[in-house]
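Each in structure tokens, the structures are laid out below.
The two complexes that follow have chain A in common; it is paired with chain B in the first and with chain C in the second.
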Partner chain A sequence: MTTLTLHATRRWLPALSPRQGLGAVLLALLLAFAWLVPWLFDADPARQQMTRILQLPSLAEPLGTDHLGRSLLARLAAAVQLSFGMALLSVASAAIPGVILGVMAGWRGGWLDRVLGSLADACLALPGLLLVLLLVAIAPGNFWALYVGISLVLWIEYFRVVRARTRILVASPQLEASRLLGFGPLALFRRHLWPELAPQVLTLAAFGAASAILAMAALGFVSVGLRPPTAELGLMMIELLPYYHEAPWAMAQPILVLFVLVLSLNLLAGRDPR
Partner chain B sequence: MSVALASRATPRWTAGLGGLLLQRLFQAGLVAWMVGTLTFVLTRSLPGDMAYRIAAGRYGHDMVNTSAAEAVRTELALDQPALGAYFGWLWDLVQFDLGRSLVSGEPVMAELWHQLGHSLGLAAMAVLLSLLLGPPLGLIAGLKPNGWLDRVSEVAASVLRALPPFAVGLLLILIFSVSLGWLPAAGHGRGAHGVLPALTLALALAAISSRVARNAMADVSQSAYYAFSRTKGLNERLSFLRHGLRNAAVPVVAYLGVQFVYLIEGVMVVETLFAWPGIGHALVHAIVARDVPMIQGTALVMGLMFVALNTVVDLLCHWLDPRRRI
Partner chain C sequence: MSVYLLQAEDLSIQGEGVTIAPFSCALEAGGRLTLLGETGSGKSLIAQAIMGSLPRGLVARGRLLIDGERFAAADGRSRRALWGRRLALLPQEPWHALDPTMRAVAQVAESHRHVAGRDRRAAHRAAWADLTELGLATAGSKLPGELSGGMAQRVAFAAASAGGAPIVIADEPTKGLDAPRRDAVVELLARTPERGGALVTITHDIDVARRLGGEVVILRQGRVVERGPARQVLTHPQSEYGQRLLEAEPGRWPRPAPLGERQAAVVSARGLAKARGGRELFRDLSLAVSPGEIVGVVGPSGCGKSTLGDMLLGMTPADNGDIHRAVDHRFGFQKLYQDPPAAFSPHWRLSRLLDDLVRRHRLDRAAIGPLMARLGLDDHLLARRPGEISGGELQRFAILRVLLLEPCFLFADEPTSRLDPITQRQTLELLVELARERRCGVMLVSHDPALIERICDRRIALGDGRLREVEPELDPALA
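Coming up: the complex of A and B.
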């Protein structure tokens, strides 16, 4: 019995492959950058200094300044905080209902399964970004509209994967045995379902965070997402684009940060479960 | 019908197609309803007096007066109670009456026809280009899993997947138009204008389809039937053509359906970046200008395009894979 328990607890923290390790290190470095910069430097992402626009990196401004003389260091740190915070929030609010509804649908079956299944299909009828865009159109520049839209798109994947897996697990002999011993649904979930579901849910979470970050940047880039002067990666790219000739390094920075952020999450996710 | 078909060895490829098409038809209806409802909520939730705001968007802020606002109010039925107006709104949609653009004053339908051609052209070019780039590379890599080509293409695909289409497009513009001056950066007219936007979308699509093709081919090349085709004396080329290609094609085509999500999302962003006069560009502009009929029209067409493309994928899978016809 003890070995079994050990086995089950080990699944909570799966051993990372080298790929995932690299992803975790990259992500940790970026997050450390984002949260340490405001702490170590006197950095305000909104402070404009018109006498010092598009400056090269220097000791005072380690990453240079943008077209309004704002510190790129401060803006990048704020943008990473915003992107990652948003991703975390929308992944959490997509994963929790997604997993709960998926387990319910897979376990109970019947009409509940059909109703939830068609609800998920309805959310999938439109391409994700289009749905987010329409919601953002209702409340332009609003962080919460963006958040609701992205979560609404993301929950479906958890629901579908968890439902399919639960259907198989519920029919398994070990769960049947525990049920006959009189364990309640919650105990069955913790003992039999969650250890099997957790790795897949975590993989989906990492992919979901990456797509949330990309969606927000894409909307910022076509100027229908968050509004200036918010420091947001897509918005920074499109703002710095006209100054490409004078300051190519300034424009390269948000692209590079977005790339590393998404790459680290993709690496951390490991293999695509689909 | 199923009785008649059961006597044959393999059912005709049209068997079981009706249910599939019915499902997609239902999805198309769902798209129309969702777009209609969301845009209706949009008109009702514009802050301030909607009639004045829309009139200001249409005629310019200095030209707004009460009569212009009243004209807008009757046109969009803003003076009626919400529920009745909602059904009126949906009824117009069912009749394909999409109204007139608030910015240009042209019927939305006419504008959509014009833009749809451009978007479909771009999408077709992108898909074609991605099919030339991705699956062949994946198939070759999959024949020798973990060979050098497999490793290189995996790294390339990971890098491309972490770059959103607009960043790829931006980099392509900077390389090919700004630095090298080979291709125009943006706009529309000559054939050369289409190269960069199509390539941007194609690279994103190929990054995924090459990996799907690689995995499918690796599965096939390690299967018993493939080993048997080699032991019975077929050379590498023949066993690939007769036993490899069609089996590996099924997942690649099936995955195209998932990829069309990327395509539609990409079209929206890439058209805006390259100023390509298509549906995605129009949608983004309509949102910025708060041109509600155009938002509804463009979102509807993009949603329906998504359903149509998925239907094509369904048909292709059905034709390729006899196991689905039961």
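Coming up: the complex of A and C.
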């Protein structure tokens, strides 16, 4: 290159674009809400008070109550905790095997690549929601069935992206040079593969978290997900749906929270196109 | 109206730590201007400022006259309408500029159709005619990935000049090409001024500048160091830098210290054969490399030079024949790469990479300091990442890295072809010196026969499926 090299200063933390910053702030606010509410308010998401159903927000109940007189504030906080926790779990359990298998397939090639590739294709051939429904039918209302189902759908993206990238990197001079210098597979992964894979895997993870939350809410909405009285965003929506005439603000709350949660994750994941 | 086809007055570029001092030039019809200088001297930026395609953050100032029209250099967009029609840029590394999924002839036809405004049929005919004229009649229906570097360069030239632009700017047109292909590209470029156009060439290859003739401008760190007619500047440069630049031509290098007595080979091969893609690269090839010996390998692109080295390193199996390595020292066989940044992970500081190596092989840290001083590497470079130091420094760091393992054989695959002449000379001199000193056999690949002839003890010419070993013409004083 004859152009002058412009030295970009790098920081330890990845520099966030304004969009990503907005996403991070929104997410931080939501999480603070979810964890601070149970701590500051003595509110039980399952406590019913039949004398105070569908009340408008007041000082005692800042977000009002639902059709069973339960505190919407407490329920929303619990629902965000649940959704976010499960999103993290399913992202981790999709990303870790996805990355490991992807690196193995891309690195070794040959029969291992073909076997793992066909396995991914087989999983992909089943519609994702169907796979989740199948597992839910086997173990109805079970948190674990939901979570395993969602992870099984999500790992394929990690696998495919990582495999394609690894295949290119393994053939690159940088890896060949380090191998000649005597470095083992772990060192090669740490120094050469992970820094290249990390941005893509983290982007996928943020999108994956958003789609896991949506999948869970969708399953809750069609009443095959978690069972009442669990506070879950989709479940809250379907429970409040019959009362949308009397209490539109009550129904709007889980929708708004879901929207902000998914938006924040998508903002965090999406990078500015260069 | 001015007589000049291309004129730049007080063209300067500023921004992001870059300063290009005011630069002026004037080219009439048939004029040739060559910008010569090392990496980072700003020669590409001048071309981009003329084209109006400077990267964001850089601002050009000054006035331009292009084909009778006046422009303010600051307004880059104003020149877009000229692209292809009156002002053409031949990009460096043409295979990056061509669409990998489109056949060669279609890429040229596209320019004929959309830039020159011919209809589909005429564009296709014109494209075939262009390719045939450039000796590419058989390559028209191939994809860029199937073309050699020289062919891709010619296709890119045909596509860039299809619009009939009288002014052509060529940015490092011969980078990475071997000598015969380089000469062919130079001939191709010379057609533009011969037809009454103007040619601006950017290169770090003095030979290219000499062959093109015309006016030569030597740039360094954004300033014009020297300028004048090629014949004068390239034979009797006045500036100290110009003299150093000429001194760096391989033909003028001092010969390295003699090898002395040849010891038992560190690696020897007998009856090697290799075919790739159904084509035989070489057959019945035998060679031996002694400790401290520099063996040069020359040959056209794709003749299997790199494959031969990888076979000696044990990274590629041979189809036939056997290789004997004298020392069974697993890490005694190392490689230097053509593109230094590609051989490093860009994410880590050099100190970290060095630490890894020391820990992996339990090396003695005391050995690093003197070797770094020897290679002219400053301690503060260790705090940088591979992309943040120059190619020459990085290649010397690569040499440091392999020498720490005390190799007995080093395969250097065009280690300096992407470096400018002064850096190339410095790097290779160090490599030869250290190889002699540490009794490390080196197999050096280069596309520059003059360079190989100058510093190698023995020369192997590959190509045409045969091996010709050229015995050293021993200097009587050394023998």
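By definition in this document, the second predicted complex is superposed on the first by the 257 of 274 C-alpha atoms of A that agree within 3 Å, B and C clash if a C-alpha of one lies under 4 Å from a C-alpha of the other, contacts with A are read in each partner's own complex, and residues count from 1 in each chain.
We take it that a residue touches a chain if its C-beta (ideal position, glycine included) is under 8 Å from a C-beta of that chain, and two chains touch if they have at least 3 such contacts.
As the structure is a computational prediction, the values presented were derived from the model and not from experiment.
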Chain B versus chain C, judged by how many residues of chain A each one touches: B
Touched partner set for A:25, first chain B, second chain C, both or neither: neither
Touching partner for A:172 - first (chain B), second (chain C), both, neither: second
Touched partner set for A:182, first chain B, second chain C, both or neither: second
First (chain B), second (chain C), both or neither touched by A:112: neither
First (chain B), second (chain C), both or neither touched by A:217: first
First, second, both or neither for A:100, with chain B first and chain C second: neither
Touching partner for A:192 - first (chain B), second (chain C), both, neither: second
Shared chain A contacts, counted only where both chain B and chain C touch the same residue: none
Residue ranges of chain B in contact with chain A within the complex: 27, 30-31, 34-35, 38-39, 41-42, 45, 158-159, 161-167, 170-171, 174, 178, 258, 260-261, 264-265, 268-269, 272-273, 283-284, 287-288, 290, 295, 299, 302-303, 306-307
Chain B-touching residues of chain A, taken from the complex the two chains share: 121-122, 125-131, 133-140, 210, 214, 217-218, 221-224, 234, 237, 241, 244-245, 248, 255, 258-260, 262-263, 266-267, 274
Chain C residues touching chain A - in the complex, by the definition given at the top: 16-18, 39-45, 48, 55, 57, 92, 171-172, 202, 204, 313, 315, 330-331, 333-335, 337, 339, 342-348, 353, 356-357, 360-361, 385, 387-388, 390, 398, 401-402, 405
Touching residues on chain A, where the partner in the complex is chain C: 1-7, 10, 172-174, 176-178, 180-183, 187, 191-192, 195-196
